[in-house]
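Questions regarding the structure given below will be posed in turn.
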């Protein structure tokens, strides 16, 4: 798909990609190694890049103190449902914003951008009051509603970009074939945009998965806590016990990593299938 | 596409089902919500066992413990108090009590606790802190914090010192002797980060111990600030020398966790901290129990030290609909076995008379606290203006300025002048 | 290449494919307002608007009033309206301008490397190579980690005594004394920026990679037939084709990085001596003092600044587009 590259170009490319891979992976390697060292060994000199002895002590300490299964389940439910619903709603709004001209369009796009500029603490107090009145505090459904709202603006803007990259001709052909606009959207556009939609969902999911402040504000009981809240609790009370902190960090990162490993393959599939090519 | 739709529907249905509220119970059982602030997993576990005992004794009362991450806890508590729902019992700290009481968020428990039999067992300090200036009982302290010097017995002995440092000057000498950066060994776990001001103030107070106002640790008996005293400059000169000669350079940014870590991982030999650190250092995997001990708080040139009191306790939200039950819970936590367990497990100075008679408080790292309580004229307890509404503003301002001195962007003289002006003006405006 | 003056022709997918462009022009793109069409648009927009208005705009506007009131958590007995006093106090504070300077360094220092590295990787990832899928999966990881955890990760690595970065640097013979990274204002700024670059490259890579897929191969084929070199292909085909995505991604990142306190809080908390505070972290430290009035005023100033920036930015990127066509 791209013209041939010179040998020098190839060397530069491979060297750069390899270097970036090392830079990306090293911190993750390091925190994992830190978490697997025997407590106390991380303060020994010389610093060990591959410990003589591995230990799960840091992890055992974590599991004895918290219900990780519960937090994990909560985060999964909240992030999956909010991510899915937000993506679905955003597909509709993004489609309209990409394909139609109307007077309030610029205003709507600006309004979406403004949501990204607001410091959350301004809204936190009134939001808490409102959720209290609605009886949605300490309630997963309430948190999901708020997360959906938080995801929509960026998701809409992102999907709109993808819609705009797909030629109108595709739907037009479908509409000529007798599809309604709605039908054309679902039958023709969405399959073509699958990689973009998956990417949008992943962004939503990851944002919800990592969200801390709203979750701390709106959730109370231990059975409703999400992973970031629980971990923040651990970490901020650990007195920089780097071993336990690293173990806690690894435990939070692993599920999202698994998702990314799975989903990036999916994106790659979608991207390489060539469906989007005009 | 149909399948996708079905997935959506299923997802939503699951969400609804999972979030369904538990049906209300109406058999006369009352649920009270209790929110903690200085949360940590070990402490939460202790609280849970105590609550279970309480629930056993009071079958009609259920306690729902809410444990937000400590970094966000006070903000969350403020939101709950402001909204007026879902909060009955709460952890009140000496620094939050003032503002929360002013805002009418805390309930004056005097009436409920009038007939409480536990009063007679409280220490003098506990009773004193159970009442504010207006005679209100916003909270009952659960324990007290106070400074002592953690030191490495082995390193001190190796350098030929017979005793741990007693004064700030001794500390400077010993820490400088131990400092050896090429071998990753440092003298003092300097506090340069969050709350850097507290230790800077502690050293100043020790130097002006003879003329300090006992009811306001920032004031001299002549009404001026402690920062205006000439001794204050000597104090700071010693203190900043300690940083330059005997502390790790990175300690410019050290707050509580880094200091504690710096001591328990063996890289520093001295640490000035609260008793709760005893438990943390006790769990160290690098230094063992024979390698460290505590010594009483450091004295100034006059041979006296000033111990600032810090505390926190349990209070009732003004919006609570179950004040009587909440008071019952607080009474339970503030007396007998429950209180002793709580202070021991969290290494706090106890609130109950006679609790310090326990061998636990007489031996090992706690012995220095006993020394201090037995010599009140040498180790003088003072109240700091921690309940001022501008306390957090002060902390942020003074911390930044201590760091400026450490980075060479301000002189100690300028720092003292700035602090003197700050407090003089605040007091004038009162 | 035939080009109509209609603004939609700039859509990259049309470049080089004349027939669809013409087809589009024959279709009534902006039909006169009809009720049915209006209702259709409204129906599609409604769920999004409803959610955002209820859960974001309502609380935000309701919270913004604090900016015009004496709203201090240390004493809420008097929350009278004070007009623009909080704003004046902010503008009169010299720290505000220092912090603005830090913010500019933080945003520029983060976004330029993020963009360059992210773009390069995305371009190079278009070419197929063995284990490309695995490679992508690996380099996408940073985006999955929360800012808070990244702060912790890098604080540990930049630790002066036991940190791996000092160890590596001294092994490489670049330093002989450990650098107290987070204790010195200059190195602290470098450390937080490094962490942010590490985190943010992925976002650009993903967005650009997705956009690149929309460029039809024929364009490149045509260019290579014309004998266009690498650089020319890049600047005349690739960049213009994905300009919309590029400009939007940059804008979003500027806004986000501006408003991104997590890494800084995790690593330095704005210190030492406030030298790594950006506007957002400084604002949070004001809320910690309880002064929500002043903090909200700062928040509104931030929103206004970003809004003005966005408008100019969008105008500027649009003009360039027009000039090219």
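When the chains are written out, they are named A, B and C in that same order, and each has its own residue count from 1.
In the analysis below, a residue touches a chain if its C-beta (ideal position, glycine included) is under 8 Å from a C-beta of that chain, and two chains touch if they have at least 3 such contacts.
Keep in mind that what you see is a predicted model, and the values were worked out from it rather than measured.
J.: Given the two chain pairs B-C and A-C, which is bridged by the higher number of C-beta pairs in contact?
T.: A-C
J.: Going by the average position of its CA atoms, which chain sits the greatest distance from chain C?
T.: It is B whose centre lies farthest from that of chain C.
J.: Rounded to the nearest whole Å, what is the centre-to-centre distance of chain A and chain B, using the mean of the C-alpha atoms as each centre?
T.: Chain A and chain B have C-alpha centres separated by 37 Å.
J.: Can you check how far apart chain B and chain C are, centre to centre, with Cα atoms defining each centre and the answer in Å?
T.: 39
J.: Need the CA-centroid distance for the pair chain A / chain C, whole Å please.
T.: 15
J.: Of all residues in chain B, which are in touch with two or more distinct other chains?
T.: 184, 265, 267
J.: Of all residues in chain A, which are in touch with two or more distinct other chains?
T.: Touching at least two other chains: 43, 124-125, 212, 232, 242.
J.: Could you check chain C for residues that touch two or more other chains and list them?
T.: As it turns out, chain C has residues touching two or more other chains at 162, 287.
J.: If you look only at chain B, which of its residues touch chain A in the complex?
T.: 1, 7-8, 11-12, 14-16, 18-19, 21, 33, 39-42, 45, 64, 66-72, 76, 79, 82-83, 85-86, 184, 256-258, 260-261, 265-267, 280, 284-286
J.: Please give the residue numbers of chain A that touch chain C in the complex, ascending.
T.: 1-3, 5, 9, 13, 16-17, 20-21, 23-25, 27-28, 30-31, 34, 42-43, 46-47, 89-90, 92-93, 95-96, 100-102, 108, 110-119, 121-127, 130, 145-146, 148-150, 152-154, 156-158, 161-162, 164-169, 172, 181, 195-196, 199, 206, 209-210, 212, 228, 231-232, 235, 242, 245-246, 249, 252-253, 256-257, 259-261, 264-265, 267-268, 271-272, 276-278
J.: Over in the complex, which chain B residues touch chain C? Could you list them?
T.: 75, 78, 98-99, 102-104, 184, 192-194, 248-253, 255, 265, 267, 389-390, 392-393, 396, 399-401, 403-404, 406-407, 409
J.: Sort out for me which residues of chain A touch chain B in the complex.
T.: 38-41, 43, 45, 65-66, 77, 80-81, 84-85, 88, 124-125, 128-129, 132, 135, 137-142, 144, 186-187, 190, 212-213, 216-217, 220-222, 229, 232-234, 236-242
J.: Mind listing the chain C positions that touch chain B in their complex?
T.: 72-77, 159-162, 180-185, 188, 268-269, 271-274, 285, 287-291
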